[in-house]
Amino acid sequence: MTNGATATDWTAQRMRSVFEKCKNWGRWGTEDEKGALNLITPAKRREGAACVVAGEAVSCARELPVQASVENPTPALHMMLVGGDDCLLPNVGLEATMDFVGVAFHGMATTHIDALCHVLVDQQMYNGFHASEVKSTGARRGSIMCAKEGITSRAVLLDVPRLRGQPWFDPGATIMVADLEAAEKAQNVRVTEGDVLLVSTGRDARRERVGPWNPFEQGLAGLHPECVEWIHARGVAVLGSDGVSDAFPGMGIPGWVLPIHQCALVAMGVHLLDNLRLDTLSEACARHGRWAFLFTVAPLRVERGTGSPVNPIAVL
Amino acid sequence: MTNGATATDWTAQRMRSVFEKCKNWGRWGTEDEKGALNLITPAKRREGAACVVAGEAVSCARELPVQASVENPTPALHMMLVGGDDCLLPNVGLEATMDFVGVAFHGMATTHIDALCHVLVDQQMYNGFHASEVKSTGARRGSIMCAKEGITSRAVLLDVPRLRGQPWFDPGATIMVADLEAAEKAQNVRVTEGDVLLVSTGRDARRERVGPWNPFEQGLAGLHPECVEWIHARGVAVLGSDGVSDAFPGMGIPGWVLPIHQCALVAMGVHLLDNLRLDTLSEACARHGRWAFLFTVAPLRVERGTGSPVNPIAVL
Amino acid sequence: MTNGATATDWTAQRMRSVFEKCKNWGRWGTEDEKGALNLITPAKRREGAACVVAGEAVSCARELPVQASVENPTPALHMMLVGGDDCLLPNVGLEATMDFVGVAFHGMATTHIDALCHVLVDQQMYNGFHASEVKSTGARRGSIMCAKEGITSRAVLLDVPRLRGQPWFDPGATIMVADLEAAEKAQNVRVTEGDVLLVSTGRDARRERVGPWNPFEQGLAGLHPECVEWIHARGVAVLGSDGVSDAFPGMGIPGWVLPIHQCALVAMGVHLLDNLRLDTLSEACARHGRWAFLFTVAPLRVERGTGSPVNPIAVL
Amino acid sequence: MTNGATATDWTAQRMRSVFEKCKNWGRWGTEDEKGALNLITPAKRREGAACVVAGEAVSCARELPVQASVENPTPALHMMLVGGDDCLLPNVGLEATMDFVGVAFHGMATTHIDALCHVLVDQQMYNGFHASEVKSTGARRGSIMCAKEGITSRAVLLDVPRLRGQPWFDPGATIMVADLEAAEKAQNVRVTEGDVLLVSTGRDARRERVGPWNPFEQGLAGLHPECVEWIHARGVAVLGSDGVSDAFPGMGIPGWVLPIHQCALVAMGVHLLDNLRLDTLSEACARHGRWAFLFTVAPLRVERGTGSPVNPIAVL
C-alpha cells in the first residue's frame, strides 16, 4: 500500500499533468460519447465469452439499499403497489402483485455505473463537453445511453487484500501500481486493452465484520492516483471496485478530491462501477483458479441519465 | 395464426387441465422459488457462451418510458438531483451531476422481468405459496431475488412475422405451436431445455409506424394458450416477448385472462420478460444467419421485489 | 364572454404594454419575493376571520390524482409502506400502517399553488430575478417559502357561469372584466385589496358530466387577458380558478401563451391556485347568500420549491 | 414532570383499562370514521375565528426534511423537473420551472397528521375496524379523507417548559396532568370541547442548541399516559406536539410502547399532529398574551391515505 512516493509528491500540478497525459479527448472523434467503451471490440467480446469454462454465474451487486444506514443516507424506495391482500386487478380479472422501485443511485451504497457526465473538471466532462450540457432536465451529452447495448467484455478481478493475506484494506488505504502488478502475477492474469478491471479492497468482509460505516467520515480504501497512468496504459475500458475506486479521503490534493473519478470519467472516458460486491466473485475465482471471466453490465436505458443502478454479472 | 381449433374449444376446464399438466410444483423441492431457472445449468451457460461468434451485443430493452402515453399510463420518474448549473458538491469539493430514477415497471411499456410472485391463480403462486406471502411490505416468497445472480443462458429468437413476410402481427393475433415450429425450421434453430425463448410479434415495427396504442383497448399479439404445453415440453427456462407473451384480449376463457402469464409464472415457474425490444435483435440474427445467442438478464437485487426493470443483452 | 374587443386587438405589443403597466417589481423592495402577498395585512386577516358566520368549512381541492387520465399524464404516487397485513413494526412493537405520497403537482389535475418562480418572461421572474436562480437543485429566488406562514385572507368567489344560468363555460371560453363586475353585482360582493379572488368556470360540473378531457387538446375556460389590469387595480393578492385562470388555448398572441400566468406571477407577483374544486364552495356560498369568506392556503414548506400541492380551505 | 405515581403503577392492565374507559367507538355511529373531529362544530369554528385579534398568522410546520439526519432516516424527495436552464416548455411555448415532491411522512421529522388508521391495537383501529381494512393498496377505513374539508377550530397551546422557565424538556421527560393544568392557569386559558390541543416540549429549542438527535435512541419528551383520561374528559378534538405527543421511550408497559398514540388514535379517534414547530407560535402567543387562536390543518386529499404532510396555520 505504499511505495517511495510521499503524499507531498502529489501536488495539484502533478495531478493536472497526469490528467492531461491520459486525456482521450478527440481520440475517437470530437463528438464521441462512449470513451473507452470504444476499446471493447467484437473480438474482445469473443475473448470474454471464451473465458466461460465452469459456466458459473456470479452477481457483483449488493442488494438495493432500502434501509437508511450510515453509508446510505438516501435509501432506495421499494414500495408495493398491489400485494396479495388485494390482488385481483379490477377490470382485468387477473390476480397480480406489483411494486415500485426508485433510487438516487449515486452514493456509497448502491451498486451503480457512472455515466461519463457524472463528474466534471473545471466545468468540462469527457471530450470537452461543457457542464451546461447536463441540464435540470437531463444530460444532453455524456449520458449512460452510450452504453445502451450493455457492456459485455472480458473482465479481470485483482484482489490485493487476498494477495496480502488480509481480509480487507482499512479505510483510506491506497492500492499502488506495484500492488496491481503483484496481484496480476500472483493470480496469473494480465489486464489487457478493452478489459473491465475490478479491484477488490475487501470492503464486503469489513462491512460484514464491523458493520457499515460512513465513508465520508471514516473513508474507503481505493486506488492511489499513480494508478491512473497504468490504467490508461493498459487500455482499461471500465473500472470497478467494491468501494468507489478512489481512496477516500484522498491525499488532500487541492481540486482533486476523487482523482480516480476525475481522471477516469473525465480524462480517459472510462466508466466506473461503484459499490460492487466482489467477495463472492473472488471466492469463485479462487476456487476455479481463474481471474478473468465474461462480464456483463446492463444499465437501464435512461435517456439523459447520469448512470444507472446495475447488477453486473460475471460468468466464469 | 389460426389452426383448426376454435375459441370455443378453449374452456376454463381445458385451461385448468393444461395448467395442472404443466405444473412444476414440487419438481425442484417444496421450498423451491427458482422454478424453471433450475433448468439453466452450468453446461447451458457454456452452451450460451459458445454461441458468441460475431461478438456483437444487442440490447433487448426499450428506453425507460418517462413520458406518459396511451401504452404507458404510469410513466417512469427520471429527475435530476444535481445538474451542471450547480454541480460543485458542497463539503466534498467535487463537480458532479446526479439523478434519480424510479419506475412502477409492471405494465405494457417498461421492459421488465416478472418475478414468480407477480401472478397468482386462486390465491396461489408457483409451488403453492399463498397470496398472503406477498405482503404490503414485499414478497416473502417468489421474489425476484431467486434470480439475483442474473440469468445467463442460451436464448433463441423466433420471429414468426418475419417468417410470414409481415412487418407485424395485428393486436389480438395469436401465435400457434405450428407457427413456432415453422419458425424453428425456417430459422434452422431448435428450442432446447434451459433456453430463454424470445417470441417476436413485430410490436416495435407497428409502434414505429402507427404510434403507441393502448393494449387494454386495442390488444396485443401473443401466444395462443395451446403453446403452454409446448413450452413445457421443450423445457423453456424463461419466456420473453416484445408484447407480454399473452395475446390480449385473449379468448375470453373465464378466469384465464392472461393464460400464458398464469401458466408460465404460476404452473411452470417460468419467468417472463415483457415489453422487450426485439427488432434490432431480429435484424442482427438475420444478418448473422443465427438465431441462438448468449443472453443475460440482470435484475436489480430488490429484496422482496415482484420483478425488476431490466436491459437484457444478447451477444451473437 | 365577449365584448367589443376582437382577438386581433390583442397583439404582443399590447400584451407587453399590459405587462409593463401592471409590474409590481420594486414596489415592495428590490429583494422582495412575496409579491402581492404583501397586500395581505393583519387587518385583512381580521376581515377574513370576520366573514366566518355560519362556521361551515369547505375544501377547494380535488383528490390527489393517483390515476392517469387525459387531463393527468403524470399521476401522483400513493404507495403503502406498511399495511395491516404486516403492521407490527419490528423493534418498535407498535402496530402501525404507513404510506408514501409524491406528486409532480404542476399540470392540469392537481390542486396546487404556483410559486412566483414557476413562470418566467424573457428569462426573468417576478422582481427581475433571473431564470438561472432556479437551478437543477431548486429555486434560490421566488420559491414557495415566501408563503411558508400560510396564506390567510378574505377571499371572494365569482361564479360567472352561475350568473349566466349555465352549468359551465365551454373549454376555450373567456371571462371578461364585464363578467367579473356583473358577478360582483349579482352576488353583492366586491373584490378589494388583499383579497384572494377565486373564479369559477364550472369545470367540475363539466368533468362530472362529460368526463375528464385533455386541456392541451380541448382547452379550458379562463380569464381574458383584459382582466389583468382589473386584477391589478383591485389589488388581488392571490388568484385561483377551477381551471388554470388562463383560457386555453389563448388568443394566439405570440409569446403570450398563458397571459394570466405570465402577468400574474411575473409582473404582479400574484400567486396562482390551479385546478381548484369550486362547485361545493359555490353551492355553500349560494346557500348562505354570501360570497366572501375566510380562506387559508397552507403550502408545504418545501425549500426551493416551485409551488406545492395544497388543500385550500374556505370557512363561511 | 413527576407526580406521586411511579412507573410500576402503570401496568398493561391499567393501560388497557384507560384505553377502554376512553373508547369512543360507536359514539358517533358504528360506521363513523371521523372520531373526535365530530366535536368540531360550526359554533367551534366561529369560536376559533373570534380568536383572531391581532391578525398574525404563524405556521406550525418544519421545513420538509430533504436531508437525511439522525432524526430522519427517510428524507423527503424534492427534485426539479425543469429548471431555469431549460425552461422553455416544448410545444407549449411557456417559460416554466417545475418540481416533484414526495415524502414518507410518518416518522420523527416531517410535520404530519396521523389518520385514525395509522395505529392499531390488537389488529383494530378506531371504531373497531380491522387491520385488514388497510390493504397494500390503501386504507378502506380510517383514511385521512375524513378530514378532507380540513380541520378548522379553536386551538390552545400549552407550553409547560416556558411555565417552568426551561428552554426545553429533556428527551424522555413526561408531562403530567398537573403540568397541563398549571399551564392553563398560568396562561389564562382553558382547553374546551372541540379544541385542538398543542403541547410544547421545547424540542425546537433543543434541536437548535444541540442539533438533531435520534428519538429512537435518545428519546423525546411527551405526555405521560395519565393524560389520556384528561384529554378525553376535556373533549380534545385533535392533539399535536413538537414531538410525537408520546414520551419516548415510554414507561416500558408491555404492549403500550406509544400509549398516547394508541389511546388517542385508536380508542378516542383523536387525530395527532406530529413534529410540529411550536417555538415561533409560543413566542407569538406570549407577545400577544393569548394562547387560544384560530387553527387550520389542511391535509392533502389522499384517498386511502394514512395521513398527510401538513403545514398547520395558527392565526392569533
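A few notes on this one:
Labels for the chains are A, B, C and D, by order of writing; each one numbers its residues from 1.
Everything below uses one rule, namely that a contact is a pair of C-beta atoms (placed from the backbone, for glycine too) under 8 Å apart; a residue touches a chain by one contact, two chains touch by 3 or more.
What you see is a predicted model; the values in this text were computed from it and never measured.
Chains touching both chain B and chain C: A, D.
By the residue-number overlap criterion, the interface of chain B with chain D counts as same, with over half of its numbers used by both chains. If each chain is reduced to the centroid of its CA atoms, chain C and chain D end up 28 Å from each other.
Remark: chain A and chain C have CA centroids separated by 47 Å (rounded to whole angstrom). The set of chain B residues touching two or more other chains comprises 77, 80-81, 83-85, 97, 100, 132, 135-137. If the chains shown are joined wherever they touch, the resulting network links each chain directly to all the rest. The touching residues of chain D, counted against chain A in their complex, run 67-68, 73-75, 80-86, 97, 132, 135-137. Residue ranges on chain D touching chain C, taken from their complex, read 41-46, 48-50, 52-59, 61-64, 66, 77-78, 80-81, 83-85, 87, 91-106, 111, 117-123, 130-139, 148-150, 152, 216, 255, 257-258, 261-262, 294, 296-313, 315. Only residues 77, 79-81, 83-85, 100, 135-136 of chain C touch chain A when the two sit together in their complex.
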